[in-house]
Amino acid sequence: MEQQEKIILRNVNFWYGRNRILDKISMKIAGQTITAVMGPSGQGKTTFLGLFNRLWDDIPGAKADGHMEILLDNRPVTPIRKDIPTPMLRRKVGMIFQEPNPLPMSIAKNMAFPLKLAGIQDKSYREAKIKKALEQAFLWDEVKHRLHTSALDLSGGQKQRLCLARALVLEPEILLCDEPTSSLDAHAANVIEELLVQLKTRCTILMVSHNPDQVQRIADNVFELQNGRMNPSDIPSKHLPG
Amino acid sequence: MMRTLMEKTITFLSWLMTLVLFSVVLFFIGYLLHKGLPVLGRSLVFGETDPMQAILGRARVFDGLFPAVMGTLYLVLLSTALALPIGISAGIYLAEYAPPAAGRRFGFFFDILAGIPSIVIGLFGFSVAVFLHKHFSGRISPCLLISALSLAFLVLPYIIRSTQVALESLPAPIRRTAPALGATRLQNLVYVLIPHALSNIVSGIILSIGRCAEDTAVIMLTGVVATAGIPSSLLSQYEALPFYIYYISGQYADQAELDKGYGACLILLGICAVLFILAGMVKKHLTHRALYKV
Amino acid sequence: MKTSGDAIAKAFFLSCAGISAVMTSAVFLFMIVLGLPLFRKGSFMDIWMGTWSPAEGVFGIGHMIAGTFWIAIPAVVLSLPLSLGTSFVIAGLGGPRLRETLISLVRFMTGIPTVIYGFLGIFLLVPLIREELGGPGMCVLAASMVLAVLITPTMVLFFSHSLMAVDPAHVQAARALGAGRIQRLLYVMLPEALGGMATGLVLALGRALGDTLIALMLAGNALGMPAGFLDPARTLTGHIALVQAADYDSLEFRSIFACGIALYLFTTASVIAVRFIERGKKEAA
């Protein structure tokens, strides 16, 4: 079964001033897959993820060029051209980071935060969305009785799942994961891995990872980023089902 | 051998210098307490007038520091209220919006502003008052409003810098939390960055209030006088504690007046000490959590 | 909607920064314009280098410039050993608890009102100098000594901050080689901290040049060139504070704008000097 291409990059470069961080990157990624990017640190893996939600927007001297297309709402969009307002783009392209970053407020308020930013007022709609996202993140049963306690009191793994749920509440089509398990213990990391595999039916996942075993377990495509160049990796990826 | 001798000498001298510095300052404060404490009391501030009547504005205080204390209070409130919105906004611009080159250029101006001697700021305020007097309204002359404007200008760079530094020192994970969830820059500022930086911003503001309270050079050119009573409007002349101290040091007529000068010093020092301690407490205890109410 | 709100906010923040910068320049322009009659009359150099001779219609501020430095330089020289010693104790010789205490004390000292130092100087130091050393008491020495106490906290904070900002790995390495506290301080921390300390020195000098109250209250304010430390002197700041001529158009009154310009230029020079030092530090690193 041929899947629709969600992401197309052709000769995309990224610059900090005169330094070329990403060098002529070309790749095609199908929808509803997990794509992993590996490689030594300091090679621009996080920068690569940032191409998709313009994370470098506020950084002076940062600049991207080349051909890039992602499909949002079945409409091709070029993040690096700024043909979509940044907040809009970031609602459709979610991101979680290496260190879970819940805000110092209650679980419920953390979850409602992106909805508030998007200007969604309807309370029952909000609550339904929050419940659904927390369920998707395997967190609902653990926190449903303590939604109004501080998010900072959760365990590390729970915090990361909360951040994931918080990103999912906006129903993004693409999810960027910057080493999502590297600050977690083995058990918590396993839960997140399992979660990502489940989530790929809903969104296309791009992740950066240091862990070859993890990549082998969950990724459909694997790339290696070295000296700013992106190459298919030797690490065998999981075969697409069907 | 030479080397260790030198090292020993430097060690000894360092401790000695530290001792000298703190002895001098402690002696100053001790002497002030010795001279000022006996005078401190109701009659120092209110003279013969009933304090309640004075505070309610029903009776004038002729023989006490009350008008000077109130003048300083008005000055501090007015100039802080004037400087805060501009200072904080400019600090936000420098920290969050300015491209690096513009940031450096603005930084240069604000460094100069921070370094301009306060008497020159006072001279500027005075010149503006004279200019307005000549060209706009004969009613305008050096007054409470002109002083407050000049003082606001004096503390502006401190408010700008403390806001800027407080925002810039926020770590990257906090900065990118809200943008990754689709926040605009303004939303990020309002919901995340300012709440997280608030304790440092407030502590900077409190320290600049201290500067408003203690500055003498600015106000002596812009409307403070030795006797004016409590100012009736923004355009009237006024009294202030630091100017009173300056005035007494040259013009005291008898021992009683001199003693009042020591009392005024003690009150002013007390105000500055309280502000200093307050700033420290705010820095330590006013966390951003208080703002989010969990 | 949201983006336009964002644009308005940005414009507002920018204009606040702009207003502050424009006002900073306006101070200078105002003084130039108001001092203009003075510059038109008589030769330009007479104002800056000349003496104060009202009888001849010359209102030179040369002696005030000299008086300013006569008081500020000794103050910095007196303050330097105090500041060095105290910052050595804070940054290396004392323990962590003593460090915290001393830093809080020094911070507090920066907040002690200047006018209080002046007040105590008049009643403690001036009589002492008059009786022990002679002269009028209110003199360069009295002002310099009190000014030294006033600027020391600023210098100590800068010095100790620069010393403590030195890479802890270097200090650790020296410790592993058996260097004692004073040796780590002198041979590892001090050389690396010199740039930052130079900044502190320039800023303290700026503060000493720009202070009004101490010189006004303690230096005697006599017009004329001081010949020694026990002579009175008038500073630029003191001159501005003292001229209260009723006639705003007199040249005597206009001379205070020349003083203001001189002080403004000193400030600008010190800011440029600090930038120069910082740039040198960055290039060295």
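By written order: A, B and C. Residues from 1 in each chain.
We take it that contacts are C-beta pairs under 8 Å (C-beta built on N, C-alpha and C of every residue); 3 or more make two chains touch, one makes a residue touch a chain.
From a predicted model like this one, the values you see are computed outputs, not experimental measurements.
Student: So, comparing each chain's Cα centre against the centre of all protein Cα atoms, which one is closest?
Tutor: B
Student: Return the chain pair with more inter-chain C-beta contacts, choosing between A-B and B-C.
Tutor: B-C
Student: Which integer distance in Å separates the CA centroid of subunit A from that of subunit C?
Tutor: 53
Student: Centre to centre, by mean C-alpha position, how many angstrom separate subunit A and subunit B?
Tutor: Comparing mean C-alpha positions, subunit B is 48 Å from subunit A.
Student: Using mean CA coordinates as chain centres, what's the gap between subunit B and subunit C in Å?
Tutor: So the centroids are 18 Å from each other.
Student: Return the residues of subunit A touching two or more other chains; collapse runs of consecutive numbers into ranges.
Tutor: As it turns out, subunit A has residues touching two or more other chains at 87.
Student: Please set out, as single numbers or ranges, the residues of subunit C touching at least two other chains.
Tutor: 2-3
Student: If a residue has to touch 2 or more other chains to count, which residues of subunit B qualify?
Tutor: Only 184-185, 187 qualify.
Student: Which part of subunit B faces subunit C closely enough to touch in the complex?
Tutor: Of all residues in subunit B, those touching subunit C are 7-8, 10-11, 13-18, 20-22, 24-25, 28, 31-32, 85-87, 89-90, 92-94, 96-98, 106, 108-113, 115-124, 127-128, 130, 153, 156-157, 160, 184-187, 189, 207, 210, 213-214, 216-217, 220-221, 242, 245-246, 248-250, 258, 261, 265, 268-269, 272-273, 275-276, 280.
Student: Enumerate the contact residues on subunit A facing subunit B in the complex.
Tutor: 53, 55, 57-58, 60, 86-88, 90-91, 94-97, 99, 101, 103-106, 109, 113-114, 116-118, 148-150, 166-167, 170
Student: Which of the residues in subunit C come into contact with subunit B in the complex?
Tutor: Contact set of subunit C toward subunit B: 2-3, 5-6, 9-10, 12-14, 16-17, 19-21, 23-27, 30-31, 34, 81-82, 84-86, 88-89, 93, 102, 104-105, 107-109, 111-120, 122-124, 149, 152, 156, 180-183, 186, 203, 206, 209-213, 216-217, 237, 240-241, 248, 256-257, 260, 263-264, 267-268, 270-271, 274-275.
Student: Sort out for me which residues of subunit B touch subunit A in the complex.
Tutor: Answer in residue numbers: 99-100, 173-174, 176-185, 187, 191-192, 287-289, 292-294.
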